[in-house]
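Chain nomenclature is as follows: A, B, C and D, assigned in order of appearance, with residue numbering initiated at 1 for each chain independently.
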């Protein structure tokens, strides 16, 4: 069984998935960040591979990606960094990046490297489900790499069912129709959306992402699903306090 | 030749598709399902054709360029898209999309622009329909295409600078897509070329296909032949070229010549010659040819002409080039400027810098004396006067 | 109504004639004797019509302006001369005159220009025919119409600044006439409006009359009626107005509305409202209405719009106004700007500042709900963006 | 008989007609200039009335006109100035100006004033012969004001005959097809033109004008016709040496 699925089987609530950008703030921070997050007790770690044209990301992550690229990060290097600590990592790792990066790397080669690095899953926001199904499903499944798809408030019920069927690991539930909006409280509209999805009784567990930035919003999300993803808020914290601040950041979310 | 026909999934052979994040899925799939139905509706067609005629000024003439023909010892006809309202072919598409947006019930329009022609054409149709309009434009392009920025403002549009990356067309497109992700319900995104996720390449090509529809009957009228021996167009994203060749793709005897911007030269790192410097990959939701490094990071292109300063080309063109159905030339800044000066002095027509790239082909290969050559004069050069004069 | 028909000596009633120094006599009388013969020649007509169609882009549309009509609760149609090649009606005349000049065996062209539109239109046809071209332009206009100066240079014309008097259109015309006096054999002077000595007013009006010829059949097609209830045009020298009303002068039921530039107001000394501030006299070889002091010294006019910044009007218009066949309105700079902004935002059309004066009438008098109002959209506003934006 | 015609009857050669601009260089110079020219022995004096748009004049005269207008000259004032010295003036005077000035003044009134001022002739370069004939011929003739028309190298023989018939006083023979050209020697082409006209054996005497600037060109002109007109060269001299220089200027032409 894929480690991510295992996680969701073992832990039914308050799963914390932290996203960070590889090579940011400094080129060599990747490994430290993973190990610090693991030490702080997060459940899942999502390593963003910086891209020149990150369509689906908000400005915080865009900026961190540009810095990381400027620092000299590459997919190759990010994977090397992860591989270098793979024996120390027990938390399931997910790689997030854009389809073109992996396409140029070579999809087969990419999956081989994921396996070699001990990575459990991927998020490729611009790889459509149909295309995945016809081109890559077998490749990923046979290598036991979970592919996690997204749903949004606009995703139709039919399509959600399809996502449910195709996603391994978890469904990335985009909390709202805004990637660039500032962190804000969760609105009634969003709550209705969360409830609507809960009532669908899907097979795949869900994590809520986008706009989750503190204990309050994390707790709120956890009322509806098994956990949540924090990205931009973590990047901003990292920028201000560096790797040393990670423990405190996570503590505050969990309120340990 | 069936490879050049789009399939249900939006592919021309292996190129095309819709590689988009889930946040865009509802909008894009709605468009995919609706666009042909709406476009083929007689009511839509009536409205579209009427505006093309009375507002845009179609049909645009097919003009036999006597002095240019004599100079190059061949028979050159110019398709006068420069005479369209707002000065370029771009408005054929924005007229179509604004009507479509209305039928889709959208109340807010966004668009990207490079040269500003598409921005102006979008701002124009939004004014015409009384719809809110936001135009994303690279900070660098805002500087070099100042007249068009003023026009957009006059037309009541908001121009938002794209400050990331190369600060040009690619980045303006990224920003527009982000805006759309943020505003999935009320907003329609009017893409300005045959790029982006399916159905944009096909939809825009269909709106622009009025160009070759007209060339066809105008050419019969003038020469008795329905197709030219050569048809020449510049390629930024590829919409004017797509329009000009649309009805000729399956006509094997009609040679298609596409002109890319080589910038300072294909062996410098200041170029936008996608077909030579590019390789297969994804840009703005489409699998096509684009300029990228080994890691798949998209390269910052360069061209003197803001409308060709784009690292990709539309998937149809990728297919045409890949299948060797089209002949491609790369044209440097200097060659384009020279061609622009020459057309001005020989025919009294100042072409857009983008368009000037198409004319530069005349110095790159020869044509027979009695061959019919149609060049798509995609736009006028008013917006480029500063650049032209600076290099005179 | 026969007063509005020109007679053999070039008079519309008491206005017109050819008050020229002897040095111009040979050229002018040659023109007087030849112009109708040449223009009526089938060969000339074929060449003229072909260029109007394929090069200029005629017929220009007659566009029903839905939002503007709703705003003013009447039926407004716009005659789209802004879609002509080079952006204004001016080229109808220069195409005609350049063919005529060729038939007269002339090898050098001179012209005056105010807004630069006529200069560009002249430089354009000279490039088209490969003929040397010199454009006189007031120093002040060279400054405020910079884009058009660049265009003329691109087209290979020499732009010579007129530095005397008010340094605007009147003085450019003086300089052009002096050039002609100095070069009586090889040179043709392409006057840009229905002004100057006979036969210019009639000749230019005939070349521009294609406008009302088209309006007539387009209006029948759209409304079933051959004439509008009102036809509106701005008047600098009066060529676009002359063209728009040409076939309607004898149609009593068609009300003619002419718009002059009031500048900062008719009670200031910054105005160009000739019909109100002027009186009968001679300007540029024609007996007409002009702005002058008691001594007959010609006044320096003022308008924000370089093309209306002229102290006279053509003799036909003097006759129409004197005979109360036309209704005249004077429009201030501010009113014109406002009308220009409004047309941009309501219809997506940025008019030339000259043209904007015609649209300002909509705020000055009312029209019935079912009346047909045709406004001659004489040119596009690209050349005026700087002025528009500065006052926004 | 009109004094101009009388002059041509009495003096068959080397008639010198000097043009100057009223009110130039200084507003009140008009009378001094006339009297100085008369004293210096010129045969005819042409008083230019400054105009805002002097189409038929070269730049020197244009500039002097603009200065004079700026000084405050007007048709009214120029005539007043002339009238004030009319009893001292024996040389025939000609007024040169543009049609619009006289039209606004009122043609009848203008002719009355000419008579009152003792002026013998007018040159109105933009008043066409036909129009003159039908509108003003009687007015001028009945008041014994000579109207002098121009001919140029381009004027047709038929038209020259008409000019001959209509002109009183003299025919103003424009020497060349250039009003703005610099002073230069008389060309072979011009000589042919002069000869051509001489061979027409016209009734009206002729004066050659435009480009006559010194003794040489004056002498040359006088080989073909009864005399010549100097304008720009005199204005330039006046500008440099003022009214005091007039005697010397005329002396040099006559070479007395």
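Going forward, a contact is a pair of C-beta atoms (placed from the backbone, for glycine too) under 8 Å apart; a residue touches a chain by one contact, two chains touch by 3 or more.
Everything numeric in this text was worked out from a predicted model, so none of it was measured.
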- Message: Quick check for the class: compute each chain's Cα centroid; which one is farthest from the centroid of chain A?
- Response: D
- Query: How big is the gap, in whole Å, between where the Cα atoms of chain A centre and where those of chain B centre?
  - Reply: 37
- Message: Counting only Cα atoms for the centres, state how far chain B is from chain D in Å.
- Response: 67
- Query: Between chain A and chain D, what is the separation of their C-alpha centroids in Å?
  - Reply: 97
- Would you give the residues of chain A that are in contact with at least 2 other chains, written as numbers and ranges? none
- Task: Two or more other chains in contact with one residue: find those residues in chain C.
- Result: none
- Between the chains shown, work out who touches whom and classify the graph as line, ring, star, complete or other. line
- Query: Where on chain B is chain C touching in the complex?
  - Reply: 53-55, 57, 60-64, 67, 80, 82-85, 87, 123-128, 130, 147, 150-151, 153-156, 341, 344-350, 381-382, 385-386, 388-389, 392
- Interfacial residue positions of chain C with respect to chain D in the complex: 9, 17-23, 25-27, 164-165, 170, 174, 177-178, 181-185, 279-285, 292, 294-298
- In the complex of these two chains, what residues of chain D are touching chain C? 51-53, 55-56, 62, 66, 69, 74-76, 98-105, 125-128, 130-131, 149-152, 154-156, 159, 174, 177-181
